[in-house]
Amino acid sequence: MISYVAALSHTANPLLWILGSPLAGAALLALLPRWRAAAIVNVVVSGVTLAAALTLFQHRPAPTRLLFIDDFNIYLVALTAFVGFTTSVFSAAYIARETAARRLRPVHLRFYHSMYQAFLFTMLLALSANNTGVMWVAVEAATLTTVLMVSLYRTREAIEAAWKYFILCSVGIGLALFGTILVYLAAEPVMGDGADAMAWTLLIGRAAAFQPDLLNLAFVFVLVGYGTKVGLAPLHAWLPDAHAEGPTPISAVLSGLLLNVALYALLRFKMLIAANGHTLAPGPLMVMMGLSSLFLAGFMLYRRGDIKRLFAYSSIEHMGVITFTFGMGGAVANFAGLMHMTMHSLTKSAIFFAVGIISQNAGTKRIADIRGLTVSHPFLGWTFLLAVLAIAGLPPMGVFMSEFLVVSSTFARQPLLALPLALGLLLAFGALVSRVQGMAFGTPLAAAGHGRPSPMANAMAYAPLSAHMVLVVVAGLYLPPVLVSWFQTVAKLLG
Amino acid sequence: MTAILLQFAHILLVVALAPLVTGWVRLVKARLNGRCGPSPFQPYRDLYRLLQKEAVIAHSASWIFRAAPYVTFAAVWLAACIVPTFTTDLLLAPAADLIALVALLGLARFWTALAGMDVGTAFGGLGSSREMLIASLAEPAMLMVTFSLSLLSGSTSAAHIAAFVLSGGIGLSVSLGLALAAMVMVAIAENGRIPIDNPATHLELTMVHEAMVLEYSGRHLAMIEAAGMVRLTLFMALIGCLFMPWGMARPGADLAEIAIGLGAFLGKTFALGTVLALFETSIAKMRVFRYADFLGGALLLALLATIFHYVSEAV
Amino acid sequence: MLIGALGTLLVLAFLGAVLGRDKRTPALVHAGCLVASLALLASGLGHLGQPTDAATTMVLPIGLPWTQAHVRVDNLAALFMVIVNLSAAAASGFGIAYAGHLPEPRRVTPFFPLFLFGMNAVLIADDAFTFLVSWEFMSLASWALVLSDHTRAESRRAALVYLTMAAFGTFSLLTCFGVMAGPGGDYTFAAMRAHSLGPVAGSLAVLLALLGAGSKAGLVPLHAWLPLAHPAAPSHVSALMSGVMTKVALYALIRILMDLRGDVGWEWGAVMMVVGGITAVLGVLYAVLQDDIKTLLAYSTVENVGVVVIGLGLAIAFKADGKTTLAALALVAGLYHAINHSVFKSLLFLGSGAVMTATGQRSLGVLGGLLNRMPWTGAVMLVGSAAISALPPLNGFVSEWLIFRALFKGPTLSHWAMKFGVPVVGALLALAAALAAAGFVRAFGVAFLGRPRSAEAAAAREVPAPMTAAMAVLAVLCVVLGAIPVTVTKALDGVIEPLTGVRFSVSANLGWPWLSPVSSDWGSYSGTVLVLVGLSLFTFTIALVHRLGTRALRRADAWDCGHRESLPDAQYSGQSFAQPLRRVFAATIFRARERVQMPEPGDCGPATHEVSLVDPVWQGLYASIGRLVDYIADRVNHLQFLTVRRYLLMMFGTLVFLLLVVAIRQQ
Amino acid sequence: MFAHLSYDVAHLIGATVLMAGFGLLYQRRLQAVLNTFAFQALALAAAAGWQAHVQNAPHLWATAGIALVFKALLVPFALHWLVERLGIHRTVETALSIGWTMIVGVALVALSIMLVLPVTAGAAALTRESLALAMSVVLLGLLMMITRHNAVTQVVGFMALENGLILAAVSAKGMPLVVEISIAFSVLVAMILFGIFFFRIRERFDSLDVQYLETFRGDRQ
């Protein structure tokens, strides 16, 4: 424990603020009894975290044994802080309506806010950890905190979903640990005992000397372990229910952030494999899992009646695409994968924001009972439509750019792989469009929603949604050069 | 200069001759039926009489009804202008080839069919509908005939084809025979002759062309009839010039050759008229839905004609 | 000017979205679109005349990071800009008055400029990414427009099928560009031109281009969305979707197959000709049987696209065979038909919009007698119908003539399959042309002639002047493009030269105004001369008749062979008109069946007559795919309802499987 | 000599853990399962203690302590109490017959060895043996989870899996964070136990009846 504090004690280090503020926030919120104040504190703390994360762009701290920032995690940290912040804003509006409708009680909320910050902390820690073990612990803690939030509503479905989530991810996380140990074992003869053999920054430089067969084995465990967390089929089973039964802000961060974090962990290991160069190619395994996720989710989408499950499966689909992409490898595909991670995160959380408002307005999560949104709530309806079209891969939104790169570059190299990819994307596209069309158009049903939101709450609910969509649209047409250069560096490392 | 003169002579000739050809066919048919029949010049009198009569049109008719006879006549006449009769040296020949000819006839039919629907009666629509069905098969057949002729001669211009056949470049070929058969079938259909249609009937179930023009009277009817006569002459001239252009004057011909061409044309036309009458007397009209078989057959024959071209080429 | 006009369109879209509440906004936005289209039209015309090597590439700092957006207007793009913006201007002008009549103008106004923007952007794009983004922009905007009447379930279904097919097309094009760009990811068109592909990759690229562009253009069997989506949009948008968006798809086809890939084999030309021929015939057969005017027009679009594709296929086959002059001829024919179709199809759709404005109806079964009530609309629709039926001297005939002209030279191709195939395609084309005439006699005759079949049709009044004016402009163009074909083909010289490699003039040795491709010995045509002679014969005939005969005219009841029938329902209807055609052509292809049920003797109830048609493409392809997806989805869906233990089992299985894979691969 | 001894002892203890894993699969009665598990935890504690001694790594004593106190004593005790309190059937419901389970278990061990042997040609014999043993234990734990319906047996399976992980972690020479990791796992296990207790998941994790799933998960249309 002392060593952690020592590592954080460089006052100039923005990571201190990035990790410290959510941790302190979690403690503070656990003590705050009034939920209205807690919601505001939650926003403020997330804002501080975001501000601290943005300073990383100015000044990048030198890596320590425990924490580091490089081209890969810098934007993920910023993204996590950003989505964490927007979600906290949305959450304030969401919680107000849920409380007004008496679906949540203040005592739950105290817990909820505290866990929210704790969750952000664990994710940021996992992203910035320079130690495979710390990263593992952080991911595990992230699971624990979210399990508690998923079961927040205390309905039978929520508890069951949380239970499923908990069991499956615990086993997954166990397997990931085994993979981590194997990597350590592979590194130990080269790097010597101790923390050096677990530090990403050091491992990557000397990975070429590791025992490749051990790395193979490690990668399988890591793939199954963290892959469970990513939601790759057939390890995905926890994901739809956990997304569907928890509070919507949690669905947004689960889909937008937690999946990314797990994928980030997986990719770090893949970098080692790529740097080693003598292992079996991990690509085919990832391609296979990616395709199976894509197709499973694509077909599942056609049978979903619950709006949140629908988008949860869409997350599986996209995680599949991303995994496929990294499995393909190569500069273009890796770039596309990184881009896709970012875009999916922004878009999917925006969709969940919209879904939250929609289901609160309609008083139901059943897709069949939601109709004519563009008539009843024009702004919400059109923005939701735009977001879903974006996630379905239509330009000018960002997901299209990555899908463009993936499909075209794959096709140029492996037409036989690109074919199922394109078919799967089309399959999912058809399902999503048919659903969103039914929801956005037609004659609206009489609203049975609960809790009329105040104008302030309305603004707080819509602002994050709009902010995400603006970013997504802009990114589809223009990427800042600095981001591009980070992506390109990382893409090279990913092999 | 001669081309201009010949063109003018040609334009007037087809129009002047058309009623006579129709009259001739009627006469021969009457004789074959054992009747004495009207004079071959009777159509001229009929037309003139119709012109003198007041035109009666329905309340619901629009301007299309009144314009259609003139447009139809002009279109058919225009088509006739480009089919060489007694000489291949026509000024207007480059203005339209056989494809355009088919389309010009199509234009005439388009207007007649619209006119049939204009008044809003059951018979008019029935006629138009059947007419368009016939056209939908006859037109492609004729285009395919054009195709096979163009394969043989390298050109789609009637004048060029006639000149090519005259020059003896073809000789006798299966392809040409098939094309001729298809062409005759198309001509029968286009002119509404037996077995497709009976120009002399007003029996409701059997009429096609007559049903379309049932509402016409007076000068409008005269124009419609005249258009039909010109069309008949046109097709005879067409068959004559494409498949048996013997005796036709060529560019730069002197007066004697032109006279020979004229005589040959008249001979061919009346001979074809006689054959038509014979044919019509010897067979019965078909049911409407057997048209497709008849005209589909024409289309296939024409297609075969193109394909046989390669066979003979390969040999 | 180009960028300015495009920017204006975006601004207009924004204004349309923001100021939607104001009643004047739709008219203003459409007026703005009119101005922008005219500017783009002028720009297109300007570039059309440029020397073929004058086009320069402009790079914009957006789009793919390492490629950026490339923009270039070469002669081909300029030609299609002219095509697009000509109709766009007419549709915008029409829309000024028409948009006010729509049930929900707010759902049209923002998307109309976006749609125009998308189409223009596709044309000027010079790299794959920009191209596809614009392409999808176009699809998306038109999808929103199809949904403007979203309360109708059919519209929503049409939109769904449309967008899914659009996505299919995009994926095909995307993969096509992927093949052409290679794994390095150099997506500029210039790089693709330089890139040479192996035979397999090259064929793959062509196939994918055909699938991608073909699905947007409506080639059978990828056409299924088109007759659903085009009619569902507001009429001035239908006009653009049918008249112009399909042309953008054809542009893509030409761009890829003749520009980016210079070496497409003859067999692909053959494939295109066969597909085009089938498309033409099937499209027109569908059209003849339709009762809804707009659906009929949409199917006719399918037909015309088929015709253009025959021309393009022929051009490719000739080019592969080294017969560049003939390739140029076929290409000119295809392009000419594309121009013509955009004009008359826009005209006809606008006319159907006028009819809907006046009557609120679009089913042939309830129209009739409109020519007397809407003389202007009727007249321009007559011109449009005649033009689309390929009747001289209008424009439709010129392009069909050129295509036949080129087709008749098809047997000079060296491959035997082509020698035998070309006549068959020729027969298909001829059949399609003849059926089109039947279809439009039927459509125009039933809707505009005869007596009104409903109170709405009887009460119809002529539409406002801006609408008729917009249609009249297009009608005049139909005549002009038909009467002076040589001028048009001359303007196409600069377009075809870079694509076929020959400088080619369609009026070879006779000069203006004779259209005599390659050699006048092969046959020639002159719309100009025909018009002049025809008009003089027409005038002469009228003068003569009126001189020889009487001019007396009397109005009376219809004669009708002595039947006195006052019921308008006793007229020939659209259904009855189609009956002979249906029996002859549709009995096998569409399995058309008629069932007549006569009431029992003594029963006063009406007899019933039912017609059933089965769409072979929909049933055979789309419905099967739908059923397959449903079936698998049902099976897969079981996975949602397992127990935790079984999920763990899946995990365990995965782990063991992967371990085994590693174990085996390590050996 | 001493190195050899350390290897032999470690190997022996590791093999004991593995045999206990097989024992878990073999038991038909719940009480026996819990006792076998306690024995496995004890063996693990011994392994950790031995490694602490051999590697001279004092923090591993903590791990050994956690294993001893928490897993070998507290958890089995709590589970016994749970079984009594919730009235869970005393016999083990299996999804796969014991015999087959054993066969699959042997196959898994074979797979582990096949995978690990070529891997660690260069590594120390200690690592090599422990790794194969640990992986077998992990896979057997997972196998136990999927072949048993009973909630308690499944928890035991999870903990057996975790024992395998700790075994691997302690055997890895000089690996930091092992203590933290075992604490993290203990928290997980504690939560699972709480879950079972609070949510009254009596017999199985998957006992929620099927009809209920279908109607309430909102996904049958």
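Per-chain numbering from 1; labels A, B, C and D assigned in written order.
To be clear about the criterion, contacts are C-beta pairs under 8 Å (C-beta built on N, C-alpha and C of every residue); 3 or more make two chains touch, one makes a residue touch a chain.
Being a predicted model, the structure only gives us computed values, none of them experimental.
Just to note, of B-C and A-D, the chains joined by more C-beta pairs in contact are B-C.
Of all chains shown, C has the CA centroid lying nearest to the centroid of every protein CA atom. Chain B and chain D have Cα centroids lying 98 Å from one another. Averaging Cα coordinates per chain places chain A and chain B 78 Å apart. Spacing of chain B relative to chain C, judged by their CA centroids, is 35 angstrom. As a whole-number value, the distance joining the C-alpha centres of chain A and chain D reads 31 Å. For chain C, the set of residues that touch two or more other chains comprises 637, 640, 644, 648, 651, 655, 659, 662, 666. Annotation for chain D: residues 115, 118, 142, 145, 205, 217, 219 touch two or more other chains.
Residue positions of chain B in touch with at least two other chains are not found. Chain contacts here follow an irregular pattern that is not a line, a ring, a star or a complete set.
Inter-chain contacts, as defined above, occur between A-C, A-D, B-C, C-D. By the touch criterion given at the top, residues 115-116, 118-120, 122-123, 127, 131, 134-135, 138, 142, 145, 158, 161-162, 164-165, 168-169, 172-177, 180-181, 184-185, 187-188, 191-192, 195, 199, 201, 205, 208, 212, 216-221 of chain D touch chain A in their complex.
Across the complex, chain A meets chain C through its residues 163-164, 167-168, 171-172, 175, 213, 216-217, 220-221, 223-224, 228, 234-235, 237-238, 240, 280, 285, 296, 299-300, 302-303, 330-332, 374, 389, 392-396, 400-401, 403-405, 407-413, 415, 418, 422, 425-427, 429-430, 433-434, 437-438, 441-443, 476-479, 481, 484. Interface of chain C with chain D (complex): residues 637, 640-641, 643-646, 648-649, 651-652, 655-656, 659-660, 662-663, 666.
Of all residues in chain C, those touching chain B in their complex are 368-369, 371-372, 378, 382, 386, 389-392, 397, 400-401, 404-405, 407-408, 411, 419-420, 423-424, 426-427, 430-431, 433-435, 437-438, 441-442, 444-446, 448-451, 510, 514, 516, 520-526, 529-530, 533-534, 537-538, 541-542, 545-546, 548-550, 552-561, 563, 565, 568, 570-573, 576-581, 583-584.
Taken together, the chain B residues at the contact with chain C in this complex read 48, 50-60, 62-64, 70-71, 73-75, 77-78, 81, 92, 94-100, 103-104, 106-107, 109-110, 113-114, 116-126, 128-130, 132-133, 135-140, 143-144, 146-147, 150-151, 154-157, 160, 202, 204, 214-215, 217-219, 222-223, 288-289, 291-292, 299, 302-303, 306-307, 309-310.
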